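Below, each structure is written out as structure tokens.
What follows is chain A paired twice: with chain B in the first complex and chain C in the second.
After this line comes the complex of A and B, so read on.
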């Protein structure tokens, strides 16, 4: 097999088009920024027939061209992908072969966007997201990685090779290298080259997404549970409770994150069982949250509340117990027959420390929102009706604080992804052969000045996911402010 | 005002005590001590040998007692060991020797006084931070002001996107990409490679060649956040009444921005810049590891990785101190800068 070039025969037409549109886009943006300081602002003029016209002048002109070149660049990207999927394997180069591998993701993305745009008026805030270009790009990037993680993790689709298999002779080989003759792998190339242990970088990047997508949103959910359960009473009651909890939160926030990680995520500390005890403490909060949530609403109807509480609390407690009871740690009390699942060693420690680092910030945000919202009229109305304090917090204040919380949730998943990468970058927690992005960047950087290609794909993957989450949050904020 | 500062100082000292106690506790857990004994003595020590090694050196005293000695409020230990040798915590006959007396202990990794190591390393990191500030603060303010002066315009959208991209790029990603692009011939076929991928030589002699990449890597991550805050405060100021008055008088747009809006728009970013310090500390650790610049962050990694207890405690004291002092300065500075806030 011949080694692949980057774009194959497709590049002959598309490469010049792409570079021209990108250069023009950059020029137009720069000119626009310089002009915006001097040129008169754009104004709206109303015509006699009732329509509005934007009178732009030079500034408006460049705004139009920026948009034009942006869409031109976007269109070439789409052409690269389409060409790669349609043309036979190898003729569209590495990029074509990769987009062929990602074909299930493209289909899933296309269907999601089609359905969402068709029904966007009925989908509330989610539907409104599809009114802003920024929001759509962000959503697309995030869903790209979510679908990749799902297809790779559950169906073994996207990746071309096993993330741990080494093929001799492919150590540190450049992208597009062909496998040696006679190897029985499905795919005849290492699309993004081999790393310093001769493993396929492309497949490692794809499998890395499953780890990130599995941990980051879940850890953020737990951090939100902790932050909400503590932040609402702190903001609502104020006083001593607030002082104490805020002091504790500031204490954790004053720690440099990396120092905290180095202190918590070492084999010696894991031996003492501290992460297990922290897990036992932190994972109680979802149970408390849901218990109080249901009880405060339905305590007047015991016939409805009792079965509900038994079902929810029973299920959650079972999950809780099987989560904290891990074979090989200090907390291992459930018999294996009852233990639902064991989490891989290392992952629990990483999970706990990420939740621990994130929850004080969530606490501060929720506390601030509760402080603001407790003076509203609907709270006073609920108090007059004689509702309990927890009912007011969870069923009056929390739903009204959802806008900022949803935005922060997106941002925080991105931040958690960065934290996971940091842990991997310092080789903490996860086993060294793990394909997660932080660990692969860490391994690749050691030979960075000689071989550039191993750390770049995971770095760009991490960047695109975090960027997607940030853009999504920005789009959501913009759209939720419009009401 | 005086009472306010005093109260903040009290909380700050309490926080510092709590934090150092936590670090002290975590580094003095038995498995950590065992590892220390084995790295200092030899790796095949029996359990009894480890215990006697630790007992002889005062590591098995009660935790509060050890903490008190380290802090310098309790007299240092004087133990006659099982091998007959008498070991003292304090040298030359002093009773108290701890942080408060300026005695920071001895690093087991670098075989040197902790205070000396922390001092030199902090100096090196200070150099890095200075250049980061020189690049980051003006850059962020310019981007923020340009984006915020016409809310919703094309400039605003493109600059906001730039700042979102920069906040979404952690140092270990941007560092790797920048090194690949500017310190190797992988992407651009340089005549001569413009920058160096390591900053080790910058410890002695800072040049543009070896210091630009680490500086820009840290600055990029912080820049986006400050720029967004500046933009938010700028847009708020631009809708104020006195700006409208100035426009109606016929003042030119550049003059409105520079003379009328800028000064009020820069109050909020000041707080944000001060509060960025803890984050910069993170960035410093990552970048110093990536570029092998042997400063404060690099020392933290070495100390934590080798469980060098005294050095790690020294490093955490300094970093906690930096964080708390910048918080204090940002609070006080905000009150000074913003005449609308009065503290009674």
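After this line comes the complex of A and C, so read on.
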């Protein structure tokens, strides 16, 4: 097999087109910026039929051309992807081959967007997201990695090779390298080259996404549970409780995060069982949260509440016990027959540290929101009809704080992703051969001066996911503020 | 300063239309609005919220934000077209020739800058004068707005002043460059009545002194009557009637103006002879306006096929000066015909005593250092020896300005706070020291509350039906969800809301509808005592009447005791049986409505009555303007709480007012007063409100 070039035969037509449109776009943007210092401000003029027309002279013209070139560049990118999917393997180069691998993701993305835009007026805040370009880009980037993780993790699609298989002779080879003759792999190329252990970088990047997408949102959810369960009473009651909890939160926030992680994974510390006890403490919050949530709402109707509570608390407790009871740690009390699953001890530590570090910030946000919302008349109305404090906190205050919390949730998944990368980069928690993005970047770093290509794909993947989450949060914030 | 000798109209608005552009559609906010303000003239623009009156003001300032746009017509300031002005020219005019005063004084002042500096900035920017000169002028203007100790004022920061003082500073700032036109957008809505009266008086005087023209925007017809020469009534984006104050108030020529006047209570009028008539229906949303006359669907004189089939122009009313009406039928309508009065319903006579307050006191301890609880402690006396009784199906109004302790009293009654001393007896059972958690369901359900702000009274993320059903669950009404749902629908019927509202979210309801849901929720457990904390003050006048009537009707049916907290004496006079006037935690006067509203008054009641703006040209009112602000409850004056502002203080010999708190004494049966004045002096008092013979 021949090694692949970046764009293959498709590049002959598309490469010049792409370069031209990008150069023109850059020029247009520069001219627009320069002009905006001198040109008169744009005015909007209304027509008799109620529409608005922009009158802008030269500046308006360049605003138009910028838009035009932007869409031209975008269209070439779409052509690269489409061409790659349609044309036979190899003829569209590495980019074509990769977009062919991502075909299920493209289809899923297309269907999601189609359905969402068609019904956007009926979908509340989620639907409004599709009115903002920023929000759509962010959502697209995030969903790209979510779909990638789902297809790779659950259906073994997308990736071209096993992330751990080494093929001799492909060590540190450049992108597009062909496999040696006679190998029985499905795919005849290492699309993004091989790393220093001769593993396929593309497949490792794809499998790395499953780890990030599985851990980051889950850890953020736990951090929110802890933050909400402590932040609501702190803000609602105020006084000594608030002072105490805020002080503790500040204490945790003041502690150097990396040092904390190093401490948590040190064998001596693991030996004492501290991470296990921390997990036991932190993971109890969801049970408390849901228990109180249901009880405060339904305590007036015991016939409804009791089965509901038994079901939910029973289920959650079982999950909780299975989660904290690990073979080989201090906490190992469940007989294997009832222990639903064991989490790798490394992952548990990662989980605990991420939750531990994130929950104080969530606590402070929730506390601030509760301080504001507790002065509302509907809270007073609930008090005057004798509602319990937890009902007021969880059913009157929390739902009305959801806007800022959703935005923060998106941002926080981004931070958590970076934190996971940092952990992987320091080799903390996860096993050394793990394909997660942080570990792969760290491995590639060692030979960075000689081979640039191994750490770049995971770095770009990390960047695009976090960027997507931030843009999504921006879009949500912008749209939730509008009318 | 060009156009120095200009003597034409200061502001000439001709067929102005303003629209806002949203994602979905264009929303016309103002249509075909014309107005002319001559030098020294004051024009009042009156209308309900959402009618576009503030948009007109912003349009004049050419400050409509990103999605607002003038889509037609012209605005001429001193003969110069403003719509085509360059941004530089606009900047030049704003603040120097046209000044604007907004509703919220704190939002108009920079909290990080000393008052003097903020004031001096105006002429320094617009006229380029030196800082000393500007400071000298600032001192002059601050003296003009009658602030005490102007030197000190200039050196203070905005947060160190009270709301009334802040608003005076904002007015001073507007006057710094001696503008030709002053735009006031609800300048007194955020202030207390007595402070409002003083500010209005000030604005009137300053307008005369400086010869400034004014565009006065308000929802309060009484205020406009007191301050303006001409009036323009707006409804749903259109001016419906305009003319001089006398013409519009006495010879109204538009059904909306008439309906508006009929829906506000006048303190001079009898409630049986002149009942409130609510305007039926709701204010149309800007994008759902009907064809033809916007007021058509709510109008008594509506003629199908005529009123809804054409664009209705403004037409001159012959005989009056510049009096116009936007009604096709105004010449056909008999404007003097008395309103159709529905059957007058007899009120149930007050029954036995339900609620009894006995020497109730509520003090708060405020620690100087909140974190460790050490340091000096200050005592805030929020309620001082409150004693009164409330009977079944009686309405007791509690009147007073902010800080008088009425909200604290409500909190103690509801059980959110416990009393420091004294007792509250509900059916001879003491509840004053029982916090709400320890009260039994029956007691909690018996004492319920209706809140002030309709936009805050319902949880925005729960359906209306769910919220009422929650109250039913808590009060243990009904055995299962089906029964409770049935009861909830009945409650919606009770407050005259369609049953379909059960599944709506609060944001889909108008202010008046939300307030009705709030009332339904309060009556979920068949409340016997309902504390209504200014339930209608945040609503538009046309809706106020409907909600007030609803409250009274439910009271008649359920024999509820209504504790009506309000500062609006007009509405208090209209609906209450007895009135209790509070000042700084003290009950200064208590008696039946007739007793309180007729002399002898407590000096504070007298001032309060005189401060109420009354929208009736035939009412003559004594002007009593109180000096200063309400003292802080943290640091109350010695002796009588009202002595710092009382105009009768000199009549009491020996400085008694500053030494002793007066004892409560009975004047007539059920009429008590807390004052040092002798009976003879009280007897000399003249009525504040007099209705001129017609």
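What we mean here is this: the second predicted complex is superposed on the first by the 474 of 483 C-alpha atoms of A that agree within 3 Å, B and C clash if a C-alpha of one lies under 4 Å from a C-alpha of the other, contacts with A are read in each partner's own complex, and residues count from 1 in each chain.
Basically, a residue touches a chain if its C-beta (ideal position, glycine included) is under 8 Å from a C-beta of that chain, and two chains touch if they have at least 3 such contacts.
The structure displayed is predicted, hence computed values, not measured ones.
Participant: Just to be sure I read the superposition right, which of the two partners does A:376 touch: chain B = first, chain C = second, or both, or neither?
Facilitator: After superposing on A, A:376 lies in contact with chain C but is clear of chain B.
Participant: Touching A:38, do we find chain B (first), chain C (second), both, or neither?
Facilitator: In the superposition, A:38 contacts chain B only.
Participant: Looking at A:186 after the superposition, I want to know if it touches chain B, chain C, both of them or none. Which is it: first, second, both, neither?
Facilitator: In the superposition, A:186 touches no partner, neither chain B nor chain C.
Participant: Give the label of whichever partner, chain B or chain C, reaches more residues of chain A.
Facilitator: Here the partner covering more residues of chain A is B.
Participant: When the two structures are overlaid on chain A, which partner does A:263 contact: first (chain B), second (chain C), both, or neither?
Facilitator: first
Participant: Touching A:63, do we find chain B (first), chain C (second), both, or neither?
Facilitator: In the superposition, A:63 contacts chain B only.
Participant: Could you look at A:459 and tell me whether it touches chain B, chain C, both or neither (first, second, both, neither)?
Facilitator: It touches chain B, and chain C stays clear.
Participant: Could you pull out which residues of chain A sit against chain B in one structure and against chain C in the other?
Facilitator: The answer is residues 41 of chain A.
Participant: Per the contact definition, I'd like the list of chain A residues that touch chain B in the complex.
Facilitator: 29, 32-33, 36-38, 40-42, 59, 62-63, 66, 134, 247, 250-251, 253-259, 262-264, 266, 268-269, 271-272, 274, 414, 418, 421-422, 425-426, 438, 441-442, 444-445, 448-449, 452-453, 455-456, 459-460, 462-463, 466-467, 469-471, 474
Participant: Within their complex, state which residues of chain A touch chain C.
Facilitator: 41, 44, 46, 50, 52, 131, 243, 300-301, 376-378, 380-381, 383-387, 395-396, 399-400, 402, 482-483
Participant: For the complex, which residues does chain C have touching chain A?
Facilitator: Residues 19, 21-23, 26, 69-72, 87, 371, 414-416, 436-437, 439, 441, 444-445, 447-449, 451-453, 456-462, 471, 473-476, 518, 521, 524-525.
Participant: Of all residues in chain B, which touch chain A in the complex?
Facilitator: 11, 14-15, 18-19, 23, 26-27, 29-32, 34-35, 146, 149-150, 153-155, 157-161, 164-165, 167-170, 172-173, 176-177, 179-180, 183-184, 186-187, 197-198, 253-254, 257, 278, 281-282, 285-286, 289-290, 297, 300-301, 304-305, 307, 315-316, 319-320, 323-324, 327
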